[in-house]
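These notes open a run of structures that come right after.
In what follows, chain A forms one complex with chain B and a second complex with chain C.
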Partner chain A sequence: MSKKKKRHLSPGRALVGTVMLFYFLAFMLLGLQKMEWQCFVLAAVVPVLILFGSVGITKLYPADTLLLSLVNFLCALGVLVLYRLKPEYGMSQAVNYGVGVAAMIGCTLLIRYMPHFRLLNMPMMLAGLALLAAPLVMGVEKNDARSWIAIGGFSFQPSEVVKVLMLICLSTLLARRKVIPAMGFAAVCVLILAVQNDFGTALVYFGTAMVLGYAATGSLLLVGAGVGGAAAAVLAGSLIMPERFSRAMSRVDAWLDPWADPQGKGYQLIQGLVAMVNGGPFGVGLGVGNGTVIPQHQNDSIFMVIVNEFGMIFGLMILAVYVLIILRGMMIARNSRTRFHALLASGCAAMLAVQTFVIIGGNIKLIPMTGLPLPFISLGGTAMVSCMCIIGIMQGVSARNAADLREDRELALQGGDGL
Partner chain B sequence: MKQLRNNLRRVGVFLCIMLAVLAAYGAYSVIVNGNRWFSSASNTFMSRKKKEVIPGQILDRNGMVLAFNDASRPDQDGMPKRVYHPNPAVRMAMVHAVGDDKNRVDKGVESFMTASLYGFDMSMAERLSCFMQGKKRVGDDVHLTLDAALSAYATSLFPADKKGALVVMNYKTGEVLTEISLPQFDPEGFASETAAQNRAVRVMYAPGSTFKIITTASALENDEGVAERAYQCTGVLQVGDGTRNVTDAGNAVHGQLTLQRAFQVSCNNTFARVALNLGDEKLKKTAERFGFNDNFLFRTLVVENSSYPSENRTETEIAWTGVGQSELLVTPMHMCLVASAVANEGVMMEPYAVARTVAHNGDTRSVTQPRVYRRAMETDTAARLKEYMRLVVTGGTGTAANIPGVRVCGKTGSAQLDTQENTNAWFVGFMDDPAHPYAIAIVVEDAGGGGSVAAPIARQVFEWMLQNGY
Partner chain C sequence: MAPEAYELLSMLMRYVFIALGGLILLRAGRQMLKDARAQKKELKKLPDAGRIGEVVDLETGKHYPLPREGMIGSSKTCDIRLRRRGVKRRHVLFEFAEGKGVRIKPCFGRKVWVEGVPIKATAYALHGTKVTLSHANIRIRLFAGLNVPHPAAFAAQMPDAAEEMPRDVFEMPRPFEQMMLQREMDGQPQDEQPQAFIPQEGAAWPGFDARGIPLSQELTEENDEAMPYFSPVQRNRRSDRR
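For the complex of A and B:
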């Protein structure tokens, strides 16, 4: 088939182009507002990163352009909003973004060429638990949660790294129908996180484990037992450590009635809600919002900053982007050939879904507030890398599916020739 | 594998529903609470935004301007100064409803209607045209349902130096005509913390005997034959452990009487027994139908939630609840709604204080439509209660509210407080006349009996209204 190369605009490419243009203009706007050269640098660098992250990668291996462009859209949004909040945030997030893309490629290749993790499973589980428990021994406390460790001036959150390990371990175990060990491992992880006061992450681990358990067994009984077990653990915790329990309960109070203490416990929640309604349907405009008054605006509350400046309709669009990423993940899971890969991809989707739900639900007062980063957007190197690894895993499974299909086709063709 | 794929489909649907719940809840809570969040004191963004817009005027129902920006008196930033009605009596009477530019009154029109006054409801085109012409934007005018003259008159009726509140509303539509709170302060002067409180909607009172309306409604609906039963009032009713027996004002002994007569003379003894007979659960259910324990989310009015206590209820407390004493807490506004429901065949209309907002060019931006808040009781219960309340005014504790030729109905209350010498004087009532559909609630703190202090004020207010064309 000799053909002249005709520029064909596929939906995926059109999307990438639009996203690039959006960020180019957004950074130019910010740059003109603030008159800072870094902004103009980012106006050039971010679109290039997006181009590489979504189209360039397809030159390395067959990748899912739609999924990639959505993820890149969110990552770049993080860089943009963080830069607007504080230029240093934006610069460091741009670096995180670049590292994240590299991590994603690594994970994709790993999953694509590694058929299974059976031999590595045990060491990975042990390493995971050791990492998770490390902050208890050598951790530093940040925002009331003891879930960080610092090595030589470089601090990171092990729970973010272990997220990826846990996905692989749970999928490996559940693929071989070892339900009890899998759930036991998840329970220990959740327990360690709860002891560290990191309830948001504990909830994400718990939710993901439940979803994977259900997917592998199809038994709602298992989910019921999990929820019951968690409730029993909370009850036990309230008896063993009443002091810490009451501290956690004060957060629940702040959730139920933040207006009882608008300057204290309810402050973060209320400022977020106020920022949201200030934004209205169309937002107050990039760079002129009041997002900086919200505590943790670069982290837990970044969604409210975005809604403040871009509007509630844009906020709904962001949610829709997450839904699309999750649906894409579930599609990849359903197309995969082995139980392991199906569970792995669905676990990735579930983890993103649960995390998004917990963090945004906390912001809009649907559930109590927990300190969690919004996937792809919040400031944080470890969080960015782990989320990109999750996307990398999805991509890896997708690439395997594509390779399997190709093999099928070749075999079918050979079969035809052989007659 | 096939089973796994089916499970995965369910998981996918579940995850999407989860995120859809986020969107739905977010939209819902913004629609319901949005303006409350926006207008709250926590919204620091507003102070910056306010410098860019000249706020609209606030007018009463007759078009009297209550608050406007006087261009001849610029402040230090060159913005016209916000000034209030030139007559001090009027601007003081309206200060709690209207609020003030220094935000000393919480949730007055000035703060709660910020979105309209500061032009946040303007369309893109309007904003753009102002920008092009280089003019400062002017916010919308807010027309209230309140009558400033009536408010000023009602204020003058209160005994000197007494705290209290008075609310008048149209029970057919829910329009609030007057919402005053005493002590008052001058919005252009100094305000003490006590004076800044809006007692009509933000301060909680024990309803006292006015709660007997609800006890009676509950009895009529849940206790068949209660109206025909004979009660014996011996002065003291032993309840619970005997530490807080139910007695009547002045230790009165009413002898044998029916529910109707007990309502007329406000016999505590009988109502304590009615309440004990009903039990806490039924009484609470009726109270909640009247709006107790509900989160009031009225469109243009912020009213503190009333509470019917729910925990650790002893016999003593239930008996005292029947006569409105226990730990019940209401606002005068809510008691006015209770009277309105009786007058309006059991249907409680949503109270509103803003009639409409009007853009600077004269176009009407929004009009508040009357809306039913809830059905508080059955129609025949309301009819029966109306008769009882009529008898209170013709030959019971509330005769001071009677106006010859007008069917005034009401209920008095004298709520005891441990912290003060005299009782809080209550009167809630209405004119039972489709041409004059007005309900009233009055509380005068530390003043004495409802029949002698509050009921005459109700009469005078109603007389003024009839003379002035209401």
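For the complex of A and C:
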């Protein structure tokens, strides 16, 4: 009697299957609550898109399936939670996600086939600074920060676009050991953002530049000088522009004691903390929570909504997914053959890490709230596209590593080994 | 669906979502471990992955692996650390350029000689090129199979670059001469020796292809030194199974 051969599914395929099942069940559940045909359509379409985005895309070009699966999981979670909050948000985020995937593919191909950006570096730096400074001239103020540009009916945040440019420029300069120009460029970017009152994004830029500087030089002195310089700049700024800094200080006050002004400055934090505690370890259930009472529930407070409905254990799982993405980025950086690609991949991982820490740290009252979007989940077109570009850069470096390893294998065979 | 029934269903499903979330994490972790193990295995087979050759310190005889790009100096952050008199913390930058060789660029104000010729901006080093950093002499050895010009073909193609190029790049032992010497040592009769070969532009030396790669794939410890290029290590090689 012949033994029946047992088929083992690879962990990658099994992961994609689990993610698909998760979203099929979640959208079906939401459909039962709302009895909307759109939900049932999404229950069918989202898993198929996840399958294409995680497995199908690897047939087009060499991609890292694990990274894609994890990113798709977070993006689809954003669509699900936003759809539950308001169907319009969900549909809008789905479109943002589609545009983000196209941007990711573009970035992957660019990094895979372009060995360096030395000639483009200076124009990119100038364009980045011009874009970053543009809101000071023609910007729109939203949530206390003048960091938006509105053209016609379309508005976007230049700082999100410049994030990607800054990563490439810093990596190019630091790969060529030009530490002072690199840190100077980063300092000017941070200064412009501070003038725009966008301290959250400035913190992300600063943190990423410090990590990249340390990765390139291994010098703690550089990090110390950076932190000291930033502290001196904050002190000087608070003396020169006390009005702007008083707004930032009000956020610090709300963080230190939100119950001092529960209806005003502390309202968002109190509502968020209450919602998270209300959720408990297992959550109140999808579609049952009261996340809509939290201000900015679709942007910087979305993690609070997730914890409220899915529970603290699930919140920790989301954190673990971010950690896995960041570890994967560091792994890609470690396997890189060139300094530029290693710095680029580690810069991407550092940027995601800093942004995630700043937003989730703000939500759980570890640090003051800043108003940044949670990568891949929060509503926002520019933020989603920039995050997907960062993943595209990681994918591009990963594809390049695979090609380099192939080349090394050929080299070892070509050189002759006496076999 | 009635709100009460939905609430009940939703409360039940939250456990399913947590279980699925845990499964996703578990599978992602397993995949990550599997990839890390595969990478480790691959690098064990190819310990020279990412390298293009080696640098030999001519005074101490120490060998340093040569990556595709990096820095030579006395600082611990340098890719090749030479702790010698006169070698600065950051002395010289190097980078492999496809089809050209190893581009050598001294850091600002540092003195570097390639085959005895001081270089101001950049110079290209090929297999066997001697580079002097202050009081330290090193020789660059490249792997076979790399896309670099053969020293002779390179000189024929770039006569105007002779000033910038290593002075005695032409003085390197030529494959033809090595073959003659080898045959002499092997005691083969003179009439069986190959005819003299005048290299044409892009032409190959006997026993070697146009890039100077030996056609014979045999590599042993005895003839390793006689080869114009050497090969990256493969751990499954018989000589490495010690």
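Methods note: the second predicted complex is superposed on the first by the 408 of 419 C-alpha atoms of A that agree within 3 Å, B and C clash if a C-alpha of one lies under 4 Å from a C-alpha of the other, contacts with A are read in each partner's own complex, and residues count from 1 in each chain.
As a working rule, a residue touches a chain if its C-beta (ideal position, glycine included) is under 8 Å from a C-beta of that chain, and two chains touch if they have at least 3 such contacts.
All of these numbers come straight from a predicted model, not from anything done at the bench.
Superposition of the two structures on chain A leaves chain B and chain C fitting side by side, clash-free.
In the overlay built on the shared chain, the residue A:Pro11 is in contact with chain C alone; chain B does not reach it.
Touch criterion not met for A:Ile151: it reaches neither chain B nor chain C. When the shared chain is aligned, chain B and chain C each come close enough to touch A:Leu327. Looking at the shared chain after the overlay, A:Ile180 reaches neither chain B nor chain C. Set against each other, chain B and chain C touch different numbers of residues in chain A, with C touching more. After overlaying the two complexes on the shared chain, residue contacts for A:Gly285 are found with chain C alone; chain B is out of touch. Residue contacts after overlaying the shared chain place A:Leu21 against chain C, while chain B stays out of touching range. Residue contacts after overlaying the shared chain place A:Val293 against chain B, while chain C stays out of touching range. In the superposed pair of complexes, A:Arg409 makes contact with chain C only, with no contact to chain B.
When the two structures are aligned on the shared chain, A:Ile270 is found in touch with chain B, with no touch to chain C.
The gap separating chain B from chain C in the superposed three-chain model is 5 Å, by closest C-alpha atoms.
Residues common to the contacts of chain A with chain B and with chain C across the two structures: 217-218, 327, 339. Touching chain C in their complex are the following residues of chain A: 10-12, 14-15, 18-19, 21-22, 25-26, 29, 32-33, 35, 65-66, 69-70, 73, 177, 217-218, 282-288, 310-311, 313-314, 317, 320-321, 324, 327-328, 331, 335, 337-339, 404-405, 408-419. Here chain A touches chain B in the complex through residues 211, 214-218, 259, 262, 267, 270-271, 273-278, 280, 289-290, 293, 312, 315-316, 319, 322-323, 326-327, 330, 333-334, 339, 342-343, 346, 349-350, 353-354, 356-357, 360-361, 364-366, going by the rule given at the top. The residues of chain C lying in touch with chain A in their complex are 1, 6-7, 9-11, 13-18, 20-25, 27-32, 34-36, 39, 42, 46, 48-50, 67-71, 77, 90, 93, 143-146, 213-214, 216-220, 229-234, 236-239.
Every residue of chain B that touches chain A in the complex is listed here, in rising order: 1, 3-12, 14-16, 18-23, 25-27, 29-30, 33-35, 37-38, 40-45, 48, 120.
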